[in-house]
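Got some structures for you, see below.
Note that subunit A is present in both complexes that follow, paired respectively with subunit B and with subunit C.
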Partner chain A sequence: MPIQVKVYRQRLGQETTSFRQIIVPIRFGRAVNGAPVRDAPDPDDRGFALGSEGIWRLTNVRGPVVGVPVGETIRLKVLREDIDATAPIFVTSSQERVVVTPITALGADGIFQVRVTGPVLVGAKIEARLGATDGPILGEMIVHVMGWTNVPVCCHLVKLNGTVMNDGGNPVPAKTGRTQSAVRTLFDNVNAIWLPMGIRFNIVEWKDTECRLSTTHGNITGAYQGLIGIDNSDQWWIQANELMHVNRRPHAINVYFVRGTYDADNGTFNTTRGIGTSVTAATDYGVVVADPGDGNDLAHELGHVLNLDFHGGGNIGHADDTSTSEHSRDNIWIRRRLMYSYNPYGSTGDGTPARRVNVGYGNYVRGSLITQKHLAGDPTDGEYAEARTHATSALP
Partner chain B sequence: MSETEPTGQAPHIARLPSNSGAHNLVVMHNVELWFQKSPGVPGSEHREIRDLRYQLRREGNIVRSARVARDGKISFRAPLGETLVELLVDNRVVASYRVIVEEHALEAVNTVTGQQRRLRMLGYHLGHSGPSGDGVDGSMGSRTEQAILNYQTDKGIAIVGNVDSATRNALTNDVVT
Partner chain C sequence: MKTRFGEKVHAKLFILGMLGLLLGAASGETDCLISTNAASVENNHAGAKTSASKRGHPMESSQIEAMILAKEWKVLDYIGALGESAIPMLSRLLENPDPQVRQLVVLCLEKVPGPKAADLLAKTINDPDEQVRAYAADILLVTPDPSILPAMLSAATRHEDPYIRAKAALFVGIMGDGNSLDLLRQALASEQNSNVQNGLQQAMARLGDPAARRAILEQLNSPDKKKQFEALEKIEYVNDRNLVKNISRLLDNSSPVMVLMASETARVVLRLKDAAAKVIAVLLKQPFTFKLPSYRVCTDAEIQEIKAYLQKQRLVD
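Up next, the complex of A and B:
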């Protein structure tokens, strides 16, 4: 079925204006919809410019960038946007160590695999071609190849402030409900998200950490003593910070799993599901995660440890944005990113106000893009370079 | 490469049927299509798709068989109405585009439809909603927002997400040949 293309002319008196019509047949995208999957990364396709990051900006390649560590195999997809669904499209690689399959025409789903067998020269790219493996190039994307960086992690299963009673007077556990097995599964999700950065978080030690916090903050007494106190004051992090000094393993990211958080100001539980502090901070760095936190939450907090800030430096992106506005920068790009600002507007699952519930991962699924490009006008972009700078097996 | 269509510069073709006392004026318009690897104004950054073979078909007849220019452009003259551009691989049609020439004013750039129309002219993908299946549907959906962000990024103007005056001006200027 032919693609319809309208070509416009506009006549004003004796003057006729002609308008250009550009056809871009294909684009590249994630191989799957839904939650992050280890072998189906999210290409950084924000714009077709490359920004200032990476040596690849010096090449003549324009388009999306996908990160692949040496030895890994990923899946991607060619989307036939402006070309017939049956058009025969082949995918090729510009370098031998970037192996693309199939070598035959892509199927209707457009999915193909990329395996990186070794280091490559700068500017490795994947090309989608029409009709044959030497056919015209319809589209291209950069394959950013890197080695693995392993980051050691010490996991603390925390029992905080002893046994506590809930409002009904029944004892409730002060210890996190997570098991080692559950935490390992959580880190599988985390490492799926961080794979395109070539960063892998390895659990090197488990600790059953029990402590009684000396700092008081908010109404963290009685039934709430097993929780980390969080409120909206300037000192909201003070109890988490105290915990992050306890029973530490040096030269590793210490992750403290706690039962929950409590916001005494609002009387709400677990509105904050994680806290992460940067390795560059003067205080001890680390992560505190509440039991309701998922892999995306933990991956996000680990991003803070590697010195990634919220998109826009903690400010909601658009100057006019409010809890009822629909500015796309917040809806599409911020919320697609792993480091988006969670507060004050709640999760993508919040259908009110009218925010995009689908930021590219399916309805009500949070995004997990960590940016490869460093685009102009965004002080918190270029996350690949920033995270890799601080991801090292020789942490302070 | 074969070229079967005259490429003269006459602005229109007039023919006078033998059984008619009136002039039947067929106005021919210049049509320019660019095939590109990425959206945006042609002529920079190696965006062009080279070596595409195509044929033009009008009223069932092949009127040209050729290869796109080095800048990925196909230029031809056509009356208002429909021309089929067919991409060829080994002389087999593998994809086709129904090119419809219309002469009227574009929708205003301060309307969603006008913004979508211009983004499409520049090659940005909007999905396949709307009456023409090209994503121009008058609704500010996620694909349109994504296209606006991509366009602002590529232009190096403030990435604000909504269509501000700088974006409106850029869109207005970029679509004119």
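Up next, the complex of A and C:
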């Protein structure tokens, strides 16, 4: 069978007499495009290096890392970059407990399954091989295996009493429009996003919480019916913070579902869809989510509770922050990350490359990648280790 | 409700809740109306506890057990009333094959503190589930009991899970003595895991080891703000008011050390001086006109009050 492998050459060193060849015939990617799907996680394929955290770094693999909890089966896709469409590609696993199917050549869609049947210490090496299961290696990656961690969540369906505000001529209702059923569906989406971390948010309690907030500051002049007041002052957070003290369940993440947020500076609604506090703040950590918020928004705020990306230190709060400036990165890698600031992120102006408009989840939709790797030079990286540490321990 | 038994439980809770409603209304606590599936009560959201069980209507052990098996976290509001009589039942439930049940049992043990609960928790740090044993180690630090010191010393030096070793070391630092210090020193000499090394160092510092204290104070002088922040957290654990002098100079440092809360466009940033203020407040047992039990941004007036107090008490470096 004739097989064509394109070889791209890149002059990397200063030597003129030698070339270093980088051959990328295939890549590993999500099995789906669009919204997150539970069994189709987003592999951390940022570069070939494995980073400084995770026991898999002790292997000699160069490639992506995907997390899979014990007992789960996921799908991944082999993307043909520089190889003939008809070249037979086989996928193999280095560990008996990590079972790869099919054992025959991949189909035209390039999709294969990975089933984890038991714990594996340093992860399983997955190899894509040419022509047979013992053929030349085209690409490799790591399946990082972990046990499940259940993070308890107390859901508050909140009714906020106060001054009636009109949004589009209609009074904003006092209570969130979400039902328990709707919230469960939302958490299904959240848990699909968090599956590669082995973290499962588990609703342990429901509370119907009714309250009239009393804190004021600047343009936040009082309680608003159904709404959390915010503004652009240094006290923008006071009403969200007050709500997070109400009717709490200790040892669980308290998630407050409210009708909306109200920007008291300019009279707009729901410009902020979610607010999250780090568990390291100890007594009043939690999440406030407005009704327009979706599963990605809630998953993002829960990431904040598990100290993402606050673990970068200084005033770093999101994946797009650096140690010297906020919101300074908006490349495709950053927009693909769950902890990117904006969702939807909108156009950055004429000439925005298409690849930055859609990072695989829909136009202008923030991605759901939570990083497994801890790559040098990015203080927001190593999200797996940070989130797992807080998720596994008993929350205050 | 998942079980018929659970329905009975909640029927009782409803009645008790109605009682709580009447009592709450009578007490004039009308700031915030809070209702749950089990009971409706009037409550002041500043922290007043007015649910029926907390007013002295204990549930039976069998009812509590049913709630735990149903993984109903409301059980945490009721279990405390059983006191140590709950221990045999909780001990039995720690054998349950469902890790989420055992996770809840560990939290129940926090509500019935004492040597028997501590003994069960000390055994649970060997649970096969990573999260259950982590919960046990964390709760032991919340309600430390001296009776299990030997078991925790052994865990600090020999447990195969580094998370448990680190937490056990912190426990030994709280409950240990000079003999413990020698064992911690030996453990530190052979420990490879950096998190456990940190735990051992803090425990030794708390027990008075000069080298360990010196290392923490050196970290407090690091040019890296993140390391300074970590040193503050260690000093809070060491819990020696004499160390306040070493911290006081940080009350003038406005460097950001960590974000506490964020929306898409705004954030709440903790400064080094806010972190220092909190640690000082904890070490001095909250002597100020305001409380700082956890991290938050302080006002200028609060920082000034702390400075004035330290001057007056001669606690300035």
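In the analysis below, the second predicted complex is superposed on the first by the 315 of 396 C-alpha atoms of A that agree within 3 Å, B and C clash if a C-alpha of one lies under 4 Å from a C-alpha of the other, contacts with A are read in each partner's own complex, and residues count from 1 in each chain.
The working rule: a residue touches a chain if its C-beta (ideal position, glycine included) is under 8 Å from a C-beta of that chain, and two chains touch if they have at least 3 such contacts.
Worth saying up front: this structure is predicted, and the values here are computed from it rather than measured.
Asks: Thinking of the overlay built on chain A, is A:304 touched by subunit B (first), by subunit C (second), by both, or by neither?
Replies: A:304: touches subunit C, not subunit B.
Asks: In the superposed arrangement, does A:392 touch subunit B (first), subunit C (second), both or neither?
Replies: A:392 contacts subunit C only, not subunit B.
Asks: Touching A:49 in the superposition: subunit B (first), subunit C (second), both, neither?
Replies: The answer is first: A:49 touches subunit B but not subunit C.
Asks: Who does A:278 touch here: subunit B (first), subunit C (second), both, or neither?
Replies: A:278 sits against subunit C, while subunit B stays out of touch.
Asks: Kindly classify A:181 by the partners it touches after superposition: subunit B alone (first), subunit C alone (second), both, or neither?
Replies: Touch partners of A:181: none, neither subunit B nor subunit C.
Asks: Show which residues of subunit A both subunit B and subunit C reach, each in its own complex.
Replies: Common to the two interfaces on subunit A: residues 317-318.
Asks: Quick one: in the complex, what on subunit A touches subunit C?
Replies: 147, 149-150, 152, 154, 202, 204-212, 214, 230, 232, 234, 236-237, 240-241, 245-247, 249-252, 272-278, 280-284, 304, 310, 313-318, 341-343, 392-394
Asks: Tell me, which parts of subunit B touch subunit A in their complex?
Replies: Going by the criterion above, the answer is residues 29-42, 45-47, 49-52, 84-85, 87, 89-90, 94-106, 117, 121-125, 132-134, 140, 142, 145-146, 148-154, 156, 158-162, 174-177.
Asks: Please give the residue numbers of subunit A that touch subunit B in the complex, ascending.
Replies: Counting only subunit A, the residues touching subunit B are 2-12, 17-25, 27, 46-49, 60-63, 81-84, 86-88, 130-132, 135-140, 317-318, 326-333, 356, 358-359, 375-378.
Asks: Going by the contact rule at the top, pick out the subunit C residues touching subunit A in the complex.
Replies: Going through subunit C, the ones touching subunit A are 31-37, 43, 45-47, 71-74, 76, 99-100, 103, 106-107, 129-131, 134-135, 138-139, 163, 225-226, 229, 255-269, 293-297.
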